[in-house]
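Report on the following structure.
Should a chain be cited, it is by its letter among A, B, C and D, assigned in written order, with residues numbered from 1 in that chain.
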Amino acid sequence: MKPSMDLLADVMDDHFHDHCGVFGIFGHPEAANLVYLGLYALQHRGQESAGIVSAHERILHIKRGRGLVADVFRQQDMEHLCGTQAIGHVRYSTAGGSANQRNLQPLVVDTVAGGMAIAHNGNLVNALMMRRKLEERGSIFQSTMDTEVIVHLTALSRRTTFSERLVDALEQVKGAYSLVAMDERSVIGMRDPDGFRPLALGRLRDQGYVLSSETCAMDLIDAEFVRDIEPGEMIVIDADGLHSSFPLLRRDRHLCIFEFIYFARPDSTIDGVNVYEARKRIGARLAEEHPVEADVVVPVPDSGVPAALGFAYAAGVCFELGIIRNHYVGRTFIEPQQSIRNFGVRIKLNSTPEAIAGKRVVLIDDSVVRGTTSRKIVRMVRDAGAREVHVRIASPPTCYPCFYGIDTPTRSELLAANHSIEEMRDYIGADSLAFISIEGLYRAVNGMGGYCDACFSGRYPVSFVADEELSRSVTLLNET
Amino acid sequence: MKPSMDLLADVMDDHFHDHCGVFGIFGHPEAANLVYLGLYALQHRGQESAGIVSAHERILHIKRGRGLVADVFRQQDMEHLCGTQAIGHVRYSTAGGSANQRNLQPLVVDTVAGGMAIAHNGNLVNALMMRRKLEERGSIFQSTMDTEVIVHLTALSRRTTFSERLVDALEQVKGAYSLVAMDERSVIGMRDPDGFRPLALGRLRDQGYVLSSETCAMDLIDAEFVRDIEPGEMIVIDADGLHSSFPLLRRDRHLCIFEFIYFARPDSTIDGVNVYEARKRIGARLAEEHPVEADVVVPVPDSGVPAALGFAYAAGVCFELGIIRNHYVGRTFIEPQQSIRNFGVRIKLNSTPEAIAGKRVVLIDDSVVRGTTSRKIVRMVRDAGAREVHVRIASPPTCYPCFYGIDTPTRSELLAANHSIEEMRDYIGADSLAFISIEGLYRAVNGMGGYCDACFSGRYPVSFVADEELSRSVTLLNET
Amino acid sequence: MKPSMDLLADVMDDHFHDHCGVFGIFGHPEAANLVYLGLYALQHRGQESAGIVSAHERILHIKRGRGLVADVFRQQDMEHLCGTQAIGHVRYSTAGGSANQRNLQPLVVDTVAGGMAIAHNGNLVNALMMRRKLEERGSIFQSTMDTEVIVHLTALSRRTTFSERLVDALEQVKGAYSLVAMDERSVIGMRDPDGFRPLALGRLRDQGYVLSSETCAMDLIDAEFVRDIEPGEMIVIDADGLHSSFPLLRRDRHLCIFEFIYFARPDSTIDGVNVYEARKRIGARLAEEHPVEADVVVPVPDSGVPAALGFAYAAGVCFELGIIRNHYVGRTFIEPQQSIRNFGVRIKLNSTPEAIAGKRVVLIDDSVVRGTTSRKIVRMVRDAGAREVHVRIASPPTCYPCFYGIDTPTRSELLAANHSIEEMRDYIGADSLAFISIEGLYRAVNGMGGYCDACFSGRYPVSFVADEELSRSVTLLNET
Amino acid sequence: MKPSMDLLADVMDDHFHDHCGVFGIFGHPEAANLVYLGLYALQHRGQESAGIVSAHERILHIKRGRGLVADVFRQQDMEHLCGTQAIGHVRYSTAGGSANQRNLQPLVVDTVAGGMAIAHNGNLVNALMMRRKLEERGSIFQSTMDTEVIVHLTALSRRTTFSERLVDALEQVKGAYSLVAMDERSVIGMRDPDGFRPLALGRLRDQGYVLSSETCAMDLIDAEFVRDIEPGEMIVIDADGLHSSFPLLRRDRHLCIFEFIYFARPDSTIDGVNVYEARKRIGARLAEEHPVEADVVVPVPDSGVPAALGFAYAAGVCFELGIIRNHYVGRTFIEPQQSIRNFGVRIKLNSTPEAIAGKRVVLIDDSVVRGTTSRKIVRMVRDAGAREVHVRIASPPTCYPCFYGIDTPTRSELLAANHSIEEMRDYIGADSLAFISIEGLYRAVNGMGGYCDACFSGRYPVSFVADEELSRSVTLLNET
C-alpha cells in the first residue's frame, strides 16, 4: 500500500495554459524589487520557474530558479540584483519532464555588442528551421527554447544598436512573441506583428517605465498604465527616453482570444477591453444563445465566476457558489491506493450541497479540453443532490491545438476535436451541454475582430510547417 | 536601498485567526494517507506547521514540520507512517517569533500506559496554573503548549484505560478543546463541554472511522458524515467499535460563532448549520439592518463573498467582483523601500475599476480587527473611481480578545474596543460603516443561541484568571 | 541496473564508536560561538547531530539538527544563541534507523525550578528500570534517551539549588556519564564516580570557564587547560565562581581505555596521559610482544598511524604510508551494481603499491571488530604486491560488548568473541596476526591501572541487569 | 557581538590550487555510476562543484551542482543518468564570488553535428582573444569559462567527425588542457601538446574504458591502468574500439611539477612517477641540500607527510606527528569576534606539545604562498614548546603566477616574489628557512626534465598576451 505522489496537473487541471509572463523596469533605483513584485502579480501566467536579470555597470546580475516567485527569490538574492533596469519572467508549470534546469528565462548571453537578456512570452513557428540553419553555420545551442534562436540572430546582426540588431533577428522569425529584452543601456518591449500575446506600457509615479504582460502588475507597484504596445511595435527605453517604432511589415492584429476566456487576471485590461467585463458579457451572451430553465447558476471557480455572474443576470437566475475551491493546493499531493470517487477534482473543488440539492443547476465553466475534469465535476454536483445539471461553456469547442505559445494537448486528445456536442454531453454526464458560438464570443469581447481563434476554427493566422522531422535533429539536453 | 522581506501577516492579514485543525482515522489500512488528505482539506485552519502520527505494533511513527501540508510530507515520509490508525494536526501561521520548533503537534509521549499522541484545537484557560502545579510535583515541560498539561495529567492518572485516564485529565482543565488523541489501540475524539470548537464524526465507505474539525475534509476522502461530536462528548474508537460517553459535567453549548463568520470553509456544515448558507443569511440580515442606496455590492474576497451575495439578493443590488484576489501569495514577500500607495493590501487584492468606477459601492467584509487593511481597501476602491463607499461588516464590532484558542490582538489594538462607529468610519475613510447586530447574527446563523460571542459582548462563558504573573514563571524554550 | 545509496558505516567503518562529545562555556559574551568552535573540534566524537543551548534572561535559546557542526549551524542561528553561558553536544553517527529527530541533545526542559539543559556523554545501565519507575508515578517520556531519566529525577528533587537537585538525580542512576548541564544561572560539569568518559576543565584567556570532553577543543579557542574533572567530581560554575565537590559515593576510576586506542584525538591529553604518546607506546609494546621480520610498517590511517610509528621505531623497521585515505568522504555513496573487488574499503582507503610491492608488510590497525574491513584491507595490500602481510592490532581482542556508552556490535558479531586468533588470522587472510596483551596495554598507557577494559576482559565495573524485558515496555517514538 | 561566517579558504588555506579533475567512461552499462565513483576519488582536485553527463539515444542527461560529489548527486539523479558512456568533472572551490551558477562543467551544447559535452582541466592563454573573434562573427557566450571557446570552435568546424571537429578547434587555442569530451557515439580524451595536466587511460575488468585525471580513481572502480595519455595525444573511444592519434604539432612535454608537490593524491602515478615516492625523494633531497641539527621532523599534514618521512630517513632524525589535522572541516565556519591567537590555522591544525616541547623541530611544508599560514603554524609550534623551529619547504620559492589552470595569487601577493629568503624567514618567525632547489626538485621527481616550473623560474613554456584589456570587453554574467 505504497502511496504515490502525483502532480496535480496530471489529474485535474484540464485547461489550456499560457506559457509565461514578462515584466521590465527601466530607470528606477529599485528596478529588481519592482520586477519581483510585477512577477508576483503575474504568477497566474506561470508557476514552474521565475527569473530576474538586472544590469549594473557592465555586469548582468541573474537569479533564476524553479518554483513560485515567493520561493525562488530570497532577500539576499534581491540585494545582489542591483541597477536601475531589470527584466523578469514567470514560466508555466507543465507536468513532469519539462521541468528542465536548462530552460529557465530570462535567457542571458554575452555577445560582441555586450551582454543581453531576453524574456519571451509566445512561441515561434519556424524556430527549428532557424535553429538548423544557425547550427549549420556553427552556432551552438544550450537549451531547447526557441528564444535562443532570437538571441543568436541578434548576435549575428551587423547593425549597430541593440534595437537594430534585435529587429534584424525578428525579421527572420515567425510566430508569437511579446518580448521584454535588455542590454546594458536600454530595455526594449516588442510585440509581434500579429499581437498574439498582450504587452502593456506604464509609467512609475516617481520616475521610470514599466513593461508588463498584464496591467494588473502595474497596479501592484502603483504604476500608471500608459497604453498597450501595438502589434508590431517596438518600444526602446534608454537614457534618452522612450522611442516607438514599427520596424516589421505590418499585419492585422490576432490577439489570442483565450486571454479573455481564461488566461488573464480579471482585473487586467488588454487592448482596451477589461477582462472581468468581457467575461461577464460572454456569460450573458451564453445565456442568450443557450437558455435553460434552471434554479441556480453555479460557476466552476475561480475562472468561471465572472461568466456565471453574466449568465445569471442575463437569465434572471440566482447565482450560487455551489462549488468551493481549496486555494492551499501545492503542485503535488499524495494519492492513496484506495479508489476515492471523484478524487483528483476534490483536491481542489468541493460542492456545497445546501446550495445545490434538489435544484436544476447551470454549471458554467470556461472551456472543455479533455473533458475528464468536467465529467468529475458534473458527477460531484449530482452527488450533491442536483436535480439537473446543464453545462454551459464560456468558449466555443476547442478542436485545434495552438502553435503560438499555449500549452494544449494534441488534437487526438481534444474532446471536441473528435466528438459531437451530444457525444460530449453524454461523456461528461450532463443533462445538456452548450458552448458559446465563435461569433457570440467576438461580440461579447468587443464586438469587433482582431483575434486569433485558431483553437476553435483551425484558421491559423501565421502558417507553419510540420516540425516533426526537424525536431528529430535536436539533441535533447536534459538537466535535472 | 536594501529591500526587506516581510511576513504577509504583518502588513495585510488583519483577521482573527483560528489556531488549528485536527483529524483522525481509525481502522483503515491507509490511515496516514487519509489523514494527509484530511489535513490538506483543513489547511485553511492553519498554515504554520503540520504533523501526522500513526501507530503500528507499539511504535508511534511521527512526521511533523513547518510549512504547508503539501511541503511537509514527502512520499518517503508517508511510507514510514504505517498502521491502521493515525491522527494529524495543522497549526495557524502566526507571524515571526512563534514559529518555534518545539511547539509542533500532535504531541507524542511515552507513559507507563504506553505511547500516546494528541492533537488539540483550542486553548485552556487554566494551563499555566496547572503547569505550575505539575512542575511543583516534579513534572518537566518540553514545550510551551497547553496541550502538554493534558498529557501530563493523563500520565498521572491512576485509572486503567486510555480514555479513563484522559477523562481524569480533562476534569482538571478548563477552556476550549476539540481533541483527537490516540494510544496504540484506540483513537479518541473529545469536544469540551462548551463545545467551543467544532468536531465531527464520519465513516469511511469501506471500513473505519473519521474524526475531523470540519466536514469538508470528509468530502475529500469520500467519507460519510455521521454526526457532530456533541459538547462534552467523548468518542472512543477501538477494535470493539465506537463508544460514546459524556464523562464531564454537562454545560450549555458555546460554539465559537466566528466559525460561521470567517474560520470554517463554506462547504462545511457545523452542528447542523451549513457555513455558506449561514454567511448568505448574515449578508441578507445585514442588508435589512443597514440598508443603503447603492449601485453594486462588492465583497472583500474570499471570505466576504457569500455575505455579499446574501446582501445583494436581499437588497436587490447588483453583485460584482470589484476586487480580485491573487491566490499565489506566499508567506513572505520583498517590500521595496519606495512608498507604494496601498501596498501590502495590493499584494493580495486588486480592484477592477470597470466594475466600480462612478458607482456607489457597498463593500462587504467579514470583520474589522485593527482596521488597517479596511482603510487601505476603502482607499483602493475609491482610487478605482467609486463614487461612494459604504462598508458593511458581517460581524458585530470585535471589542474583546479571545481566550479560547483564537489568535486576536490585545484589546488596545482592537479598533472597535476604543472607537465609536463614527470614529471607525472616519478612520477607514468610508462614507458609511455598519455592523450586523449580535442579535441579527444569532438569527442569521440558526435563529437560536448556543454560541460564544465573547469577542463581541465580553461575556466569557468560562472564567479565567489573569495569567500575567503566572506566565513569568515559565522559562521560554526557544528552538529555531 | 538501479544504483543504491549506501551508508558508509554499513560497509566499511568497522570500529567501536563513541556516542558523543560535550562542551560548555560560562561567563563569556560569545558563549555560543565558543561552544560552536568547541563542537567543531570534538566532531570526531559524533557526526550524526549537533546542538547548542544558550541562556539569556529566562530564555533558553536552542538550535539542534542532524549533520555536521558546519552544516547544522548557520550564521543566523548563532545570532539567536545569545547569552554568556552555553552548552553543546555532538552525537555519533549510527547507521540508518537511529537518526531519530527525537533524540537530539542537549535535552532541554522547563521545571518548577526553571529551565534546564543537559548534554550527556555515556550510558546509564539502570535507565529502563528508572524509566519504568518514573512512568509509574506519572512521568512522561518524549525520547528514548537515558538522559531524559536524569532530567525527570532532577525535576522531582525537593532540594533547592540546581546542583543539589542534579545530585539527587545522579544518586539514583548507575553507569557512565560525563555531563555538561545548565540552568539559567550556572553551568555544571559532572563526571560519574567511575570516570568512564573524560571531562576536562579550562579557563578562557579573558574571562570565563570551559568544560570539554577533550582538551583539543580548548586549544582551538585558545583556552588554558586547568585540570581533568575527577571521577565523581561535580564542578558548579556561577556568578560566584567555581565550586568543586564530590557528592556521590567515591569509587575507583575506570576510564574507558578505548579513548587511548581509538576515540580521542591524538592531540588531546586525558587524565594526564597524552593520547598521541600513548598510542606510540602501544605500538612499541606491540613490537616487543609480537616481533616479526618485515621490510615496512604500514598503518591503517588515520587511527593506526601513531601506533605504527611506535612499532616502527621499536622494531627498527621502516614506516611507510602504504595506504592512503580519502578524506572527502560523505555519509553516503552510490554503490554500483557490478561487483568491485574490495569496494567499500576503497571508498576510503587505497594502497600505494610502490611502497608495498615485493615487501614484507606489518599492517597496524587499532582494533578488529567484525573483521570484515580488516579482511578487505589485507586483500588490498596483497593486491598491491606485498610479499607477506603481518597484522598487528593496537588493542587486545574485543570479546565483549560495552554497556557504558560505546556503540559495539552484539557479542555474536564480535569476531574475537567466537574465534581463536588462528581462526581470525585465517579469516582476514594475514600471514600472521597478533594483538597487544591487556597487561601490555596498561603498561603502555600509563603503567598503572584505573581503566575499564570490559570489552576485552568481560570485567564490568558497574553491574547491570539484562534490559531485554524492560525494553519491551518502551513505546518507540520514531520521528523522521 | 555578531559572529561572522567565514570561508575557510580565506583565512587558512594558503596553497596553490588545481582547478579541476576530469573522468570518463565508455562502454559500460553503469557508466554514470562509475563516473560518480571516479569523481569521488578525484574530489581533492576540486570541491566547489561537480557534474556528470551521460548519453543515451540522442539525449544527453545532465546533473551538475555546487558542493561535494557526495552532496550533489542523489540516488534519483543517478537513475536518470542512463547510457553506457558518461563523463564528469569536479571543480576547485575558490572563495566567494566565483561560485557562479553559470560556470558548472561539463559544458553541454547542441550543434549541427549533434549534442556534445566537454570537461576541461587546465586553462587556455588565448581564450579572450578567441572569444572576441568568435563574438565578432556572431557567437554568443553563456559563461565566462574558456572551455566555451573550444565548444564554439568545434561547432564551427566544417569537418565531419566529432574528433576531427575537436581537432580543428584545438588547433586554434593555446594553453593547458586535459579534456574528456563526448558526443552521442564516442568519448574522447585529449591532452595538450605540452602535457601540462595529467590524463590517464584505463580498462574496466569486464568491458569498457576509463579516462581519468589521476590513477587513484581507477583503483576505486577496480579498473586496470593502461597508460598515460601522451602530450598532444588524442584518444577516441567508440563502438569500433580505441584510436590514438597525435593531430597537433608536437612539442616537448611540460607536465606541471606541482602535481608531485601538492595537487595529486600520493597513491596516484603520473607519467610513470609515483607521487608518494616522489614526495619522499623530495624530502630526502631537501635534507641533503639543507641539513639541520634537530630532534624531530614534523610534517604539516596531510600534504607534508611523505616529504617529512623522506627528510627524516635521510637525516636520521625522528619523524613525529607533532601537528594533528581535523578532517571534519566544512567550507565555512563561524568566527567569533574575540581575537583568538592563531585562530584560523587552529580550525584545521593543532599541535601535540608532548611530541614537540623542548625539542628542535624541523617543520616540513609543501610550499609557501602568501606565508600567512606558515607564520601561524610556526607560532603554534613555538607555543607548544619547541626549542627551535627550522622550516624546510618541499618546493622552490614560488615567485610567479600560473597561467595554465592553477589558482595562484597575483605576483604582488606571492611572498617569495618580493622577499629574500632571510626576509621570509623573519616574517614567518622560523629559526631557519630553506627551500629545495629547482634542480634538486627535478632530480627528486624523476631525474630528468619535461616539467613546467614557471611558478618557480618564470620560464613559461607557452607564451601569452596580457589579457587585461581584453577582459574589459567581457560582460560578466553573474548568476547566483
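In this text, a contact is a pair of C-beta atoms (placed from the backbone, for glycine too) under 8 Å apart; a residue touches a chain by one contact, two chains touch by 3 or more.
Just so it is clear, the model here is predicted, and its values are computed rather than measured.
Student: So which chains count as neighbours of both chain A and chain D?
Tutor: The common neighbours do not exist; no chain touches both.
Student: Tell me, please, which chain's centre (mean of its C-alpha atoms) is farthest from the centre of chain A?
Tutor: C
Student: What is the distance, in whole Å, between the centres of chain A and chain C, each centre taken as the mean of its C-alpha atoms?
Tutor: One centre to the other, that is 59 Å.
Student: Return the distance between the CA-based centres of chain A and chain B, expressed in whole Å.
Tutor: Taking the average C-alpha coordinate of chain A and of chain B, the gap between them is 35 Å.
Student: Could you pull out the residues of chain B that touch at least 2 other chains?
Tutor: In chain B, nothing touches at least two other chains.
Student: By the touch definition up top, name every chain pair that qualifies.
Tutor: Contact pairs between chains: A-B, A-D, B-C, C-D.
Student: State the interface residues of chain D toward chain A in the complex, per the touch definition above.
Tutor: 58-64, 77, 80, 101-102, 108-112, 114-115, 132, 135-142, 151-152, 155-157, 184, 474-480
Student: Flag every residue of chain C that touches chain D in the complex, lowest number first.
Tutor: Against chain D, the touching part of chain C is residues 1-5, 28-30, 33-34, 36-37, 40-41, 43-44, 47, 68-71, 73-75, 78-79, 206, 216, 219-222, 265-267, 269, 274, 276-277, 302, 305-306, 309, 313, 318-321, 324, 326-334, 336-338, 340-343, 346-347, 350-355.
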